[in-house]
Amino acid sequence: MTFPAANDPSGVSGVVPPVCTPLTPEGEVDVASLLRLVDHLVEGGVHGLFVLGSTSEAAYLTDRQRRQVVEAVTGHVAGRLPVLAGAIDMTTPRVLDHVAAVTAAGADAVVVTAPFYTRTHPAEIARHFRLVARHSTVPVIAYDIPAAVHTKLPAALVLELARDGVLAGLKDSSGDLDGFREVVMGARSMPGRAGFAVLTGSEVVTDAALALGADGAVPGLANVDPHGYVRLYRLCRAGDWAGARAEQERLCTLFGMVGVGDPARMGGSSSAIGAFKAALHLRGIITCPATATPQIPLSPEETQKVEKHLATAGLL
Amino acid sequence: MTFPAANDPSGVSGVVPPVCTPLTPEGEVDVASLLRLVDHLVEGGVHGLFVLGSTSEAAYLTDRQRRQVVEAVTGHVAGRLPVLAGAIDMTTPRVLDHVAAVTAAGADAVVVTAPFYTRTHPAEIARHFRLVARHSTVPVIAYDIPAAVHTKLPAALVLELARDGVLAGLKDSSGDLDGFREVVMGARSMPGRAGFAVLTGSEVVTDAALALGADGAVPGLANVDPHGYVRLYRLCRAGDWAGARAEQERLCTLFGMVGVGDPARMGGSSSAIGAFKAALHLRGIITCPATATPQIPLSPEETQKVEKHLATAGLL
Amino acid sequence: MTFPAANDPSGVSGVVPPVCTPLTPEGEVDVASLLRLVDHLVEGGVHGLFVLGSTSEAAYLTDRQRRQVVEAVTGHVAGRLPVLAGAIDMTTPRVLDHVAAVTAAGADAVVVTAPFYTRTHPAEIARHFRLVARHSTVPVIAYDIPAAVHTKLPAALVLELARDGVLAGLKDSSGDLDGFREVVMGARSMPGRAGFAVLTGSEVVTDAALALGADGAVPGLANVDPHGYVRLYRLCRAGDWAGARAEQERLCTLFGMVGVGDPARMGGSSSAIGAFKAALHLRGIITCPATATPQIPLSPEETQKVEKHLATAGLL
Amino acid sequence: MTFPAANDPSGVSGVVPPVCTPLTPEGEVDVASLLRLVDHLVEGGVHGLFVLGSTSEAAYLTDRQRRQVVEAVTGHVAGRLPVLAGAIDMTTPRVLDHVAAVTAAGADAVVVTAPFYTRTHPAEIARHFRLVARHSTVPVIAYDIPAAVHTKLPAALVLELARDGVLAGLKDSSGDLDGFREVVMGARSMPGRAGFAVLTGSEVVTDAALALGADGAVPGLANVDPHGYVRLYRLCRAGDWAGARAEQERLCTLFGMVGVGDPARMGGSSSAIGAFKAALHLRGIITCPATATPQIPLSPEETQKVEKHLATAGLL
């Protein structure tokens, strides 16, 4: 099964984890661990995979490593479920190189942010997505992540690009549920709307996003507990909101693990990705919990806190 | 002549323009124009060249184009003056790939920012520069550009890394002259300080930065008027502050060109880099004023305003 | 009925509109219009009133006018429902003066932000709320509004202050539903938790906030359509999530009115408050749609757009 | 001597310290200490006084205390030098109340920021200053302090308001020397320019600001060492740039005291104002080093660091 075309009403939906990238102690991609992680996710019932996202440490992987990740995952998955790949870079020409690389490596769709590093403008953001889509052979999904790129994609712009067939979907990691709802409502009433996938990146208001009409979720924590997020998704789809809320609250408590890292010693990325990888290591899924440089590793005490979170959530 | 080693007291100094990257209408590097621009700068008396900086549109150039730029410039300059090259990317592993590439292409030093895209932390920034320096065969200059990377390099951190021999210099595009002075004063009193180069990225308070002790300047506008900045530098070094101020004020007025682009239509980068390239085109130095995508081109009216700025400054 | 004490489990809950402050063309409080607006809200079934909030233009009202508003509203309401009053100012000593004034004027609780204008710190924010609570004779509700005060109240701090009896509630206008949920879940499991009211300031994800456990909502748009928000609240309380979503989506569309003002001519506050007041004027509830200086008035065309929004929502 | 009228070419100039407000342990204004501080400044040779600025803790003083400060200082100074007073509040109507109060209390000019707390817009900022000037009987000086109000006054707007006679001067605490120079150069070439005073708020690049044409400086550190800033001003006016730089660097080192407060325990305001007051207390000028709530007091160890700074600067 390949990713549906931009005009296919079946779109991507459900739980699509941003797949962590296990590393060796030397900082190389640990392919065996990566494939064990993919199996863990597929067995957990997820509906798609997103490689080379922020949780995948795409910002830290070299071009060679990025290619290695996409090839390994698409080869292993072999069409059983769609594989989205990030093409994370500063501007159009550089993004287009990544789009070509991940497409050649088998990705079913690309996920692209607004330009960053450079000062930008809504007109330039629109031009960026239009140029990327024109040169991409696979659907383009916009990645709204202001914490990384320091601009917010305006809902009106996303909808304009959706209407024009430029975008096949939105992965919203902005934390702005107001704007997210505007896209959901606008996409629904789009003339000839077909397959525009609206996905939330939230771990902790996934139920709310699904309740208001999201097609799916891309929660980093689904690496650690895919079964939980799949259960949550099914409860929401079944309209069992009380059950969904209970499952969501269990996951919210588990998500507390992202705060184990001492903020005097490290940034939020080191702490959150460090915790996910520590959890995957503690659960026996990956061989080594190392994060990419220059992130700061968790201390043994911080790793113990991750272990406690897993125990509380019934995952050990 | 190669760039002085990190411990060489002669350090880089003087006027070191961040060299624009002329493009063809198709977005490829126009090497002939690039070399004409380099000749124009060398004839203007500049003391070094900085390729692949922000003004060079490094954020927009593909890896292939970046290599092409460094090879062309270092080959052409052939050691007559030092060539610094940006290694602009998100994190340590990716930066190290660029460091290797630009060094292989002949750069005499690399210019490196704090991590971006990812959430970071002072401890991670320090680790980043330490790792880059450990793996670089040429001196490493820190690039402080909060408008692009959304963190400010603290003066104390820069000085700590200077003292430890990690950094050979600072290129400060932060606009924060207070912090800049702290680095200048701290570097001067550094035990065994040798060749730590403190460079300002400012176009309009270059005289002030030199007056308080900067070693040199990296003004984007020096592409357009290298003679002006070299004159300014010499007046400052000669202690002719009245003369320096007059020259600086002429350059300030010229710098007004960065605002020609209509902010309703484009961002600050499109306007500023568009103006520099339009000026170089109008002065007959480069063949085509195109900027990289997704930047918005200047309109004919906006280009006329650039022309007026050149006329006022006596550059046409 | 007065506002419940901080330790009263009945807490404030339901729909608590931040009451607009009608002005005369000369910028004075139009008390007659204010009381008509209060009647309109009470008849709409709201559960409390919040005067001197951001939507009330508290930042624009003089101390004399603030007193006038509280006295007029508490006198008119006469205990039929609780009246919360903002005590919006920069730091503890100035806030305490407002707390004394609004309490003397009859307010049942005060709503207080983190310090602003001055650079602040979590320890100073905690000290601020502790000092305000120590000197207040009525319950203190924290007002989390980073768009105004440029700091976000951390969930952990809010919960610490709730546990210590410093805060009687939270009015969250941060747009951060993740942090909001953390407070909701933390407050629920608080030992001896009693009457800590968690209120959302959102107009467009009110249903989501109530679904995850909020006690109530403080939506500015409830000035225009109190009946809609009261219906929404009742549908949520009844667990009719499909009905709630339909009502919420009608209100989301109506909320589009906040964008009628041309962003080239005015800021977001002029547009949003201008739209609410235009709507109240068009609905015949207030005499004059004027906003306080230096806000920019809506043009006739912009006011017509408000009228269209009202018509679409069935409010004309 | 009163402050020159807006159209008086003599303008305010020289060193104009933002006067600290000494407090009693109970948080009341210590008038005796305030007048001793004023005497210390006048004896130091300063050219004017700025009360109720940010360094004066205006954001923390109640209306009663603000009035008390202005009355005490203007009464004591009795026209010997001009007294500028801050009218720091959120919007036009509230600012106008302060303007009336400080004018009644004898201030010779008012210092006014852009609106804050509320979301604003350049058109609203312009309208704000125009309305304040229309209703003020004394000259209005714009206070550009983005760290406090979260908008930067654009140079073009300041110059437009200067040309129209709305503003009599600018007090620039933005740290943006580029924009400052634009105002200095624009003001100089203003047709009929008369007495528009361009003042820097910087402690550490005061020499640079004066070198590029500033009329004066408003450095908080001048509370501690007025003689130093007056010497610096005279050296700059005499064109002795080497002497000026030496004096400035001594003051830069002294200014290091603003960092004595532990950032884990307190914010930058607590640390900086705490250090100034500790220094004034150690120098025997004020009776008590207390800062206003909710600021965190310096520890004895932090106060010792202030003492060391004073000793190094030869001030003990």
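Letters are used for the chains, namely A, B, C and D, taken in the order the chains are written, and counting of residues starts over at 1 for each.
Keep this in mind: a contact is a pair of C-beta atoms (placed from the backbone, for glycine too) under 8 Å apart; a residue touches a chain by one contact, two chains touch by 3 or more.
Chain identities (UniProt): A, B, C, D = Dihydrodipicolinate synthase family protein.
Please read all numbers here as calculations on a predicted model, not as lab measurements.
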Shortest chain-hopping distance from subunit B out to subunit C: 2
Both-way neighbours, i.e. chains that touch subunit D and touch subunit A: B, C
Farthest chain (mean CA position) relative to subunit A: D
Centre distance in Å when subunit B and subunit D are each reduced to the mean of their C-alpha atoms: 35
Subunit A: positions in contact with at least two other chains: none
Pairwise chain contacts under the document criterion: A-B, A-C, B-D, C-D
Of all residues in subunit C, those that touch subunit A in their complex: 175-178, 181-182, 185, 202, 204-205, 207-208, 211-212, 239, 241, 245, 248-249, 252-253
Subunit B - residues contacting subunit A, complex: 27, 54, 59-63, 65, 88, 90-94, 97, 115-121, 123-125, 127-128, 131, 147-150, 263, 265-270, 292-296
